[in-house]
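Look at the two complexes coming up: chain A is in both, with chain B in one and chain C in the other.
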Partner chain A sequence: MIELKNLSFTYENKEVFKNLSLKVKKGEKVGIIGESGCGKSTLLRLMAGLYEPSSGEMIIDGENIPEKIIRKVSVIMQSPMLLPMSIRENITMGHEVSEDKLKKILEDANIKKWIDSLPEGIETYLGDRADELSGGQAQRIAIARAMCKDTEILLLDEPTSALDGENAASVLEALDRFSIGKTVIHVTHRKEHLNGYDRIFNMKDGCLFLQ
Partner chain B sequence: MKVLKILIKRNKFWIALAVFTALISNLSQMFFAYFIGELVNKIETRDTITFSFLAVPVILILSNAFTQFFNQFIGRLSAEKMAHTLRVGYAKILLMRSSKENCSVAAAMSVAQNELAQANSYLGNTFFDITGMAFMGIIATVFLLFQNVLLTVILIVPTLLILIYVVYSSRKLSGIVTAAQEEKAHMNKTAYAMIHAFPSVKIFGGEELCKETYNKRLQGWKKHFVKLGRLSSLYNTLSGILSRVPLLILFLAGSFMVIRGDILIGTLIVFLILQKSLTMAIMNLPNWFANFKVFTTNLSRIDIE
Partner chain C sequence: MNKNVFKILKELGLLKLFTLVLLLRLPFDFLNAVLSANMIESFIRISEVKDSVNLLKTFGVFLFFTFILFAYNALIWSTISIYADMLFHKKLRNRILDIMLSSTGRDMEKLSAGDWITRLNNDVDRTSDYLVTPINFMHVSIAAFNMFLSSLVLVFLNSSLYLLTILVMIPFFILSNVIIIRKIPLYRKKSQEAYAKYTNWMEPIIESKEAITVFDGQDAVMEKVEEASREILRNNLKAHMLTAWSSFFNIFSGNLGYLLMFIMGNSMIGSELKDFAELMKITQYRAEMLKSINVMNVGFSNMRTNVISAVRIEEILNMEKENWKKDF
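Then we have the complex of A and B:
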């Protein structure tokens, strides 16, 4: 459950939105589109507990303070933000995960085949090879990372915008599988990626308009 | 290396002047030793010593002091000029690059900051001192060959044997220097990536993992650094002890030759005075190698085609 009540947010001196309200039911899938720079990422980061609202209230999965909210959500951003560590560490982020669960995650994230083809498999170090990774592979590692955390709420910020058609399709497929039964907020500039979503909003001038 | 060539080319005049003053300063030192030898010879043979003869060392001492001062001054100046060329040239390239690739100058500059600072300090502190020492070694060798070929060979051969040891150890050192540098770059990269990916780290609770990984890198670098310090001090101590061996041999062989009447005592004295210039230059080669290696590695790291 996500509830935003009269939420306002200002960067130092730039107001991004004012008195924004939104209610998303458990298991609902909501899409947000809008011109670049209108504040979609900011809203998502706010919902992820990365920022504190200037005013208003938000309740995300029963929590209302950013430090607790951050534990209740998974975010997939435009850039995968990988660390110079092994694939395993990038996925588990140092948390305990059983091998069986990890195997299933790799399959669901569409990266098992690729990882198995690497000489060092999941222990492959991503430090210097991060550049050799395709955007799709990197993004699917980020998805596997989110699958590991496995929260009820999933926030997606243009997860495929940096990818070509084929890679985007593979990433979307993994995301579709992952979103089953979850509450999803998906920000994108491509409406066709929001097929089957319960509600779609257009963000403009700091407000959300139902499509 | 390309950068170094450009640096030298752009500062030809100052470098040439530094070399010239070093030459004069070293030569006056050589001739002073030669004069002492001659003086001892004259005393030995009870030859008359004129006042004009005694004026020579005064001139030599003065010219040595003056050129040495001048050389140090010019040396520092050319080091500063080269460092300046390096900084300005680099800033220019960064500016060009940042406008082309749309990254900030500050970000690119901070990445290269370490390497630039180290290259600068090397140019300012080490480059001219050590190069000057090597230069002095070469001049001393040539000068001594003119005095007595056999005795020069007797001095050089054991020194060369030690040089082989020294080259071996410096090879080993430079390998470790490179490894330590890479480890450090690795460490910086890890820190940078962690800052860049901070939102993800926070959302997925990776703070512990990041701390651990960074500490691991830090330990790795520390290990290399400690090893480097330990090995270089070991090698330097050993070469310190070995460096006394040529003097011992020179003294024994030289005294023998004097007693046999092959050379004058003055010649032996010239050798005893100047042997240090020669052996010290050779003994310092590993430092020269190690430092130069760090310098060129730093330069190549900021080398932009």
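Then we have the complex of A and C:
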């Protein structure tokens, strides 16, 4: 499902990793931990097709060029990356989604109750800074957005690191539900969030060490 | 002057400077009016008696005065007013930045990032437009002064022709300057708000670029940004249409007045008017008066267009004093 072969990546003059290889089977859940600055986010962005490797090859869900890889993955990053439009538009990103599917997504993402309590519901505009939106709520909207795209592969880059305990728990719960049956790469600095994962790697000096 | 602009000038400590700049310019247009009216009358008189030596001499005298007046306006006054305007920009931007930097998070949140940026740039420019460029408060005051003196001269020269001029103008003036342009500030306000919305998009587009790419949201984002930019355009267009209608009625009433004046004036020659040269002199004063009224019309409409920015700036200056009103 995911295959990285001798992958190297360099920012203008800084080499992040060299000859990195990794194979992940369909439905496998892989965690990556490591000190900040070691290159975890860079690796994840590569797998998302957002960056192009300096050398080496990668095959993600049968695709090997970044523009096509992008279509095969969903990404949830540390920042929810919300846009100044309605909650609905932030979730669907302008794509056609049935009301039934949307309702299920809101439930799975743990935000149905909260959205229903808003005066304008899912049409609430998110651009206004005065809007009281907690980090947890924002991140769960980002999860709903990923659920909407519903790809085989899910890439998570420290999705809870900006959240307090309670919010993080609620986000993790939504993520667990979403991850069922999917191939997941989860980058985090908190190992306890990787309970039940098939393999956990420690990233160091541009290499992945199995824990 | 609009009270918001007045308060801004006072707060920035520039009221005296702007008053001085205005006073320096105030008599210019009227002096110019006197000069051109007398020039026309003299030339017609001289050319009727075919005194070419006197013609050259008179020409020289008028040329000299014209030169003095324009040199004063173009060199001295313009330099001073540009300096005042630059100072205004600098002080106002610094003031807003100062408020931004020293305000609490809660205060900052009262406006979106786009709104802050719009007010800091666009609204500051427009408030300065209100005061100085292109034809605004400064010019309106000068024109009003010129109009007053030109009318005074007209009343003395021939009160019935003056009355005619005024009577023709009044209904159109009301139509154009009271009824038609009333809604301009509303459209400008909407346009500035749409501008803020548009500006608001820039930061998220940069910060959330990856999410837009991964979730294939380019079309949705484009649509949204275009919507905001269409809204700017739509409201500007509405305001612009009103301005156009208003200026149409002004020009129409001006020309109608000319026509009536010539018909009536011609029948007066020999009785209430000495000769054609006098009629031309009166026409010239009327032209000056009309010119001032047109400047005032354009100025009023420009001021209407830009005053909303002064209100938006005032809101920020008031922020510190904690009497913020959400809807101005």
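Just so we're on the same page, the second predicted complex is superposed on the first by the 208 of 211 C-alpha atoms of A that agree within 3 Å, B and C clash if a C-alpha of one lies under 4 Å from a C-alpha of the other, contacts with A are read in each partner's own complex, and residues count from 1 in each chain.
The rule is short, and it goes like this: a contact is a pair of C-beta atoms (placed from the backbone, for glycine too) under 8 Å apart; a residue touches a chain by one contact, two chains touch by 3 or more.
Owing to the predicted nature of the structure, the values given are computational and were not obtained by experimental measurement.
Chain B and chain C, once both complexes are superposed via chain A, clash. When the two structures are aligned on the shared chain, A:Leu118 is found in touch with neither chain B nor chain C.
By the touch criterion stated above, A:Ser74 is placed in contact with chain B and with chain C alike. Of the two partner chains placed by superposition, A:Ile65 touches none, neither chain B nor chain C.
In the overlay built on the shared chain, the residue A:Arg45 is in contact with chain B and with chain C. In the three-chain model built by superposing on chain A, chain B overlaps with chain C at stretch 93-101, while the rest of 57-65, 93-101 or 255-263 show no clash. Shared contact residues on chain A (touching chain B in one structure, chain C in the other): 45, 48, 50, 70-71, 73-75, 77, 81-85, 89, 93-95, 127, 142, 145-146, 148-149.
Those residues of chain C whose C-beta lies close enough to touch chain A in the complex are 109-113, 197, 200-201, 204, 207-208, 210-217, 219-221, 223-224. Residue ranges of chain A in contact with chain B, taken from their complex: 45, 48-50, 70-71, 73-75, 77, 81-85, 89, 93-95, 127, 142, 145-146, 148-149. Considering their complex, residues 45, 48, 50, 70-71, 73-75, 77, 79, 81-85, 89, 92-95, 127-130, 142, 145-146, 148-149 of chain A touch chain C.
Across the complex, chain A is touched by residues 186, 189-190, 193-194, 196-197, 199-206, 208-210, 212-213 of chain B.
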